[in-house]
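Chain lettering (A, B, C and D) follows the sequence in which the chains are written, and residue indices restart at 1 in each chain.
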Amino acid sequence: MISITTDPIDVAAALKSIESEQAGAIDLFLGVVRDNTQERSVNRLEYEAYDRMAINEMEKIADQAHQRWPILRYTIIHRKGTLQIGEIAVLIGVATAHRADAFEACRYIIDTIKKTVPIWKKEVFMDGEEWVNAHP
Amino acid sequence: MISITTDPIDVAAALKSIESEQAGAIDLFLGVVRDNTQERSVNRLEYEAYDRMAINEMEKIADQAHQRWPILRYTIIHRKGTLQIGEIAVLIGVATAHRADAFEACRYIIDTIKKTVPIWKKEVFMDGEEWVNAHP
Amino acid sequence: MASSVSVLLFGITRDLTGQSKVVVPLSEHTRVIDLLSRLHQDYPALAGIKSLLVAVNGEYAEQDQLIGYNDEIALIPPVSGG
Amino acid sequence: MASSVSVLLFGITRDLTGQSKVVVPLSEHTRVIDLLSRLHQDYPALAGIKSLLVAVNGEYAEQDQLIGYNDEIALIPPVSGG
């Protein structure tokens, strides 16, 4: 299940959504808003998504992960809008029979999301703001 | 924080316990009781621990992980007693600034727990039971 | 017959142009690269972006892909999700 | 002067011996390997275990480690946590 939401991400609900009697391992990755970047103090982040295409790209990533690892259930939830320090920006959950697959698939999914999915993050500092990765 | 408990593991509380304003990444690994092993149907698992030594060994593992990765906060919770299908047997949570460290440290911790920590698991089947790894 | 297509703008492209959608003239032979070229003419500030891809109907498009009147076009500046 | 030490048993070792603690006679020169040897004599069923380590005071012990009267001793069959 893949979603983009403006609501806070509910970890317990996400975990529940990937329960499986065949699962021996679940890896949950949370991307969280931290209070600094390159030694600059961050106030908040603003996420924006091209929703239709972002969902489409995340579905491709999930398909690729399913081809490479025996995934029982998975979830990808990305938040958008304004996020404060400590809030969860993205949650990836993967349930598999064995743990190596859960770790590897989860990491593949988040690594690839960061490369291809049209979602953009603006860091808002005390004295300015900046779209991440946008400048040469 | 390291603990061994007979109570069900509370994922939300575990997550809360490793929150940090410097954390950009949290990896949570859950080891779950699955309904089969080597194609044999499992009824339940029974975990037993040599508590004092198990805590001691888990502390060593956490120390090693701290030496190898810049861990902000972590938690290791292992359950013991009788566990039903779908219940969480172990939870590892690692918060770091960057995601590669969270994944690697989390995986190192669970992999090493399975090698050195004196906790034992008995698989109870319809028609018998067996201590895992115990037989030649 | 003259026509045009709308281009969706996100993130830094929206900030630099001050618009979330711009309209670009379209011929039967307009390719992705032509559209990008035209946008750079109209909005020189776009040159300040590290890289700029184009999506057609929600898929990353090649430079030589033809653009149709009904396509949904979007500029994709460097992504930074997660 | 004769003395003895208790050995804690867990998992399969407890099941095979039917006890969670057994008492083994101890001299001043008893080493881990001597203790293991004695336990294997007293409980031949222990031979059915893939490997058997000994912990002294909550730490894995070497075979030649001397055992003291006040040490907490435990047999550690193959672990299977997680």
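Note that a contact is a pair of C-beta atoms (placed from the backbone, for glycine too) under 8 Å apart; a residue touches a chain by one contact, two chains touch by 3 or more.
Just so you know, these numbers come straight off a predicted model, no measurement behind them.
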Graph separation of chain B and chain C (steps between touching chains): 2
Top of the farthest list for chain B, CA-centroid basis, is C
Between chain A and chain C, what's the gap in Å when you average each chain's C-alpha atoms? 26
Distance-wise, how many Å sit between the C-alpha centres of chain C and chain D, to the nearest whole number? 73
In whole angstrom, how far does the Cα centroid of chain A sit from the Cα centroid of chain B? 23
Whole-Å gap separating chain A and chain D, where each centre is the average of the chain's CA atoms: 49
Multi-chain contact sites of chain B, meaning residues that touch two or more partners: 31, 110
Chain D-touching residues of chain B, taken from the complex the two chains share: 31, 47-50, 52-54, 56, 78, 89-90, 110, 113-122, 131-136
For the complex, which residues does chain D have touching chain B? 8, 10-12, 15, 48-50, 55, 58-60, 72, 74, 76-82
Could you list, by residue number, the parts of chain A that touch chain B in their complex? 11-12, 15, 19, 21-36, 85-86, 95, 97, 99, 102-103, 106-107, 110
